[in-house]
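Each of the next two complexes has chain A plus one more chain, namely chain B in the first and chain C in the second.
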Partner chain A sequence: MEKIMTRMGDGFPVEMSESEIRSDLAAGTEDAADRGKIAPLSKEELQYLYDLFASPYRFVSVEPGNEIVLSYDGGALKIVRAAVNVDRVQAMQIHEKILGADTIELGHVDYSFKPVKPIVGTEQTALEQTLMVTHAPLFYGAMPNLGLYSQPDGPHPNPLDLLPLGKIDEARESYEMSVEDAVKDIVFVASAMYDSGADGINMDTTGAAGDPDFLAGLKAAEILKEKYPDICIELGMAGEFILGLHGELDYHGDRLAGMYPQDQVKMAEKAGFTIFGPVVNIKTSRSVPWNLSRAITFTKACCEVANIPIHANMGMGVGGVPMTPHPPLDIVSRASKAMVEICRLDGL
Partner chain B sequence: MGDPLGMAISHAIASGMGGMRAAGDLVARMQMTRGMKIDQAKAYVADKLSIAVSDLTDPVIMTEIRQDLEIGSMYPLPGRFALPRSWVLTSTASDG
Partner chain C sequence: MEMKKWLEKAAQSILDQDEESAREIAKKSLEDDMDPVEMINDGFAAGIRKMGDLFDRGEVFLPGLIIASDAMAAAVKILEEALPQDRRQEKLGIIVIGTVEGDIHDIGKGIMVTLLRVHGYEVHDLGRDVPIEEFVKKAQEVNADVIGSSAMMTTTQIGQKKLEEALKKAGLRAKVKTMVGGAVATDHWAKRIGADFFGETPADTIDKLRRILN
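And then the complex of A and B:
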């Protein structure tokens, strides 16, 4: 039987038979449906995915009319990290004029709100310089990154040191104090950048430190929305599942630990976010057909209940894109097309 | 991480609206400022520009529209936005 070339979740090429691909597509959607208590993909959607993987073309695209807009996390930094000798303002121009970017995003190299606070004036200057030479909507992006608020990087006792000692109440108290500090930093930095002319704030990789991290993002957005009713805030998540590192935190009565994207987006709406970016992580030991089917199942469920635009995260290692610094075009294009067309996305 | 060719460029070509080559930035603005979903945002921008939704991703049509309406272009338009000559002459005269 003819083999089809596809890839594993770490990007390595692999040849699979038709039955193996169909089996992985079915298993991927079932895994998401079981974990998220959501509907699996239909037979027609699985057939669409099979045809996509069986397609002989090196690069595929959405059909005309199905195009969406793109937003970025750490966009400018990816050029700087590649050791191309341009500064961030020039990187924004490259995104706008050369990479076909619909939006652009400025961020500090540390990409977290806390370290930006003492240098916010420098960031405002960079943002204002960028606005002078670009047209596209400009986000300022950073992460809540709650890990920076516990020792040795921050003021509060490290919960991950306290938990093994059985000091659960102390660990929870530390998380709660970290949330309050993070909210102040996010509001301070986001306000400064918005006052300087940012078209939007991108709160990225939210939930990386579990439910306290997610709560900090929600509380900060609520304050910002009250302060600036017209502000655009995009919420990008860190993973498909909110880890219960505290375990008992809630947002207006809804327990955050254990939430999947279709629940997370409702919290985002309640907090006042303008755009929501769900994340579904890659399992590197499984095939891309398995991963993409699983990612689309979660994302589709999120899109179906959302009242705000959805920009699914499809960077390296999420959304069906392999975990490799050089994502292969054959898989990125297939993942991009399938995610947009099955989920009816508003953006990526 | 993720190199620009593998990530930003691949998605832009596979699914993107083309940014300022077309009307991607304008549609994005409607999502950001009004919270519009993609179909609503496209319809709104197309209506404002008096073009078909399918024209929004056409770089040839959109380049002409952008230049006519002066809403940003990919390349500089030398001399297009220079001060009117009468302003310059008036300024020179007053200096003298």
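And then the complex of A and C:
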């Protein structure tokens, strides 16, 4: 029987038979449904995905008229990472004028709110320069990065040192103090950049340090929204579920630890976020059909309950895209098309 | 009560994170002439393995794992005291672990360290931004069975390859197993640099460790 060329989650090419692909598609959606306690994909949706993988074309796309917003996070950093010597302002221009970005994002190389605080004046200057040479909506982006608030990077005891010693209360207290400090830094930097003309703020990779990290993002958004009712704030996630490092933190009565995208987006709405960017992680040892079917299942459930636009994270190691520095076009285009057409996304 | 019931109760006490209940079950199972080794391996340890799986799914959180691990340690102590010296379990293995030099990502590695300790491994955590020579020195000092290295960035991933080379140079490579982890590590990467295995998730790592050390 003819084999179909696809890839593994680490990007390596693999040839699979029709039955192998169908089996992985079914297993991927079942895994997501089981973990997230959500509905699996329908037979028609699985057939759609199979046809997508069976397509002989190198890359695929949505039909004209079904295009969606294309935004980039960390855009100021990625051109340089590819060893192209441009500064941040030029990187923004490249994204807008050459890569077709509908929104662009300025960020500092540290990409965390805390280190930006003491140099916010420099960032405001870079923002002003970027605004003068671009037209697309401009976000300022950084991560809450709660890890920077405990030793050795911050003032509070390191919870991951305390937990193995059984000092659970002390670890939780440290997380709670870190949340308060992070909220102040996020609000300070976001306010400064918004006052300087940024069209929006992107809190990226939120939840990377578990439930306290997610809570810091939510609390900061709440304050910013009250301060600037018209501000656009995007919440970009770090993983498919909120790691319970504290375990008992809640937001208006809802425990955050263990939340999957369909619950995360409801918290984002409550806090005042304008856009939500779910993340579904890739398993590198499984095939892309398994991973994409799984990512679509989580993202679809999130889109179905969302009242704010959903811009799914699609890139190295997330959203069904392989974990490789240069994600291959055959998979990026298939994953993007499927996300748009099955999940009814608002943006990528 | 039959063994199967005792094993279920033991596992459940760990899932309930109930140290008092775990101690009580350990004591009463001994009074009922149950085999302590079976109680440890197929009862309490089965409970902790299930806790690890639930953590991987976001259904159990890190503090809960620590409490469950304390409950298991308390029960195992009671059961081991009932065993003759020659039947007492040795450590599952000695592990030296750290995040490679230049990389300051600590959270995932920290979670892995906790999980390894919960499962009964002796873990020496070198922290983050660890020079290669420190991995080698510590492994020699503690007579490690396994060296684990974490890298979160493509730019620091090369440290895992350098570790393999340093271990060969020190004449240690044949004596230890190596595992790689972190967001950018993969099975192919592990094979390419000559590491013994890649741990994709905490549960996957525990499972592979158990197999490789057996």
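Methods note: the second predicted complex is superposed on the first by the 348 of 348 C-alpha atoms of A that agree within 3 Å, B and C clash if a C-alpha of one lies under 4 Å from a C-alpha of the other, contacts with A are read in each partner's own complex, and residues count from 1 in each chain.
Please note the rule applied: contacts are C-beta pairs under 8 Å (C-beta built on N, C-alpha and C of every residue); 3 or more make two chains touch, one makes a residue touch a chain.
All figures in this text were calculated on a predicted structure; none of them were measured in a lab.
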With the two complexes superposed on chain A, say which partner A:Gly244 touches: chain B (first), chain C (second), both, or neither.
-> second
First, second, both or neither for A:Ser71, with chain B first and chain C second | first
Scan A:Ser285 for contacts with chain B and chain C and give back first, second, both or neither.
-> second
Now for A:Met314: first (chain B), second (chain C), both, or neither, which partner does it touch?
-> first
Looking at the overlay, what does A:Lys37 touch: chain B (first), chain C (second), both, or neither?
-> neither
First (chain B), second (chain C), both or neither touched by A:Val62 | first
Is A:Ala82 contacted by the first partner chain B, the second partner chain C, both or neither?
-> first
For A:Ile275, is the partner it touches chain B (first), chain C (second), both, or none of the two (neither)?
-> first
Which partner, once the models are overlaid, touches more of chain A's residues, chain C or chain B?
-> B
Who does A:Asp102 touch here: chain B (first), chain C (second), both, or neither?
-> first
Between chain B and chain C, which residues of chain A are contacted by each of them?
-> 325
Complex contacts: residues of chain A adjacent to chain B | 59-62, 64-72, 75, 78-79, 81-82, 95-97, 99-103, 135-137, 199-200, 230, 232, 274-275, 308-309, 314-316, 321, 325-329, 332-333, 336-337, 340, 345-348
Chain B residues touching chain A - in the complex, by the definition given at the top | 1-21, 24-25, 27-29, 31-33, 35-38, 41, 53-54, 57, 71-72, 74
So in the complex, which bits of chain C are touching chain A?
-> 57-64, 66-67, 70, 104-107, 110-111, 113-114, 117, 154, 183-184, 186-189, 198, 200
Given the complex, residues on chain A that touch chain C span 9-10, 12, 35, 147, 153, 160, 163-164, 166, 168, 171-172, 208-211, 241-248, 257-260, 283-285, 317, 323, 325
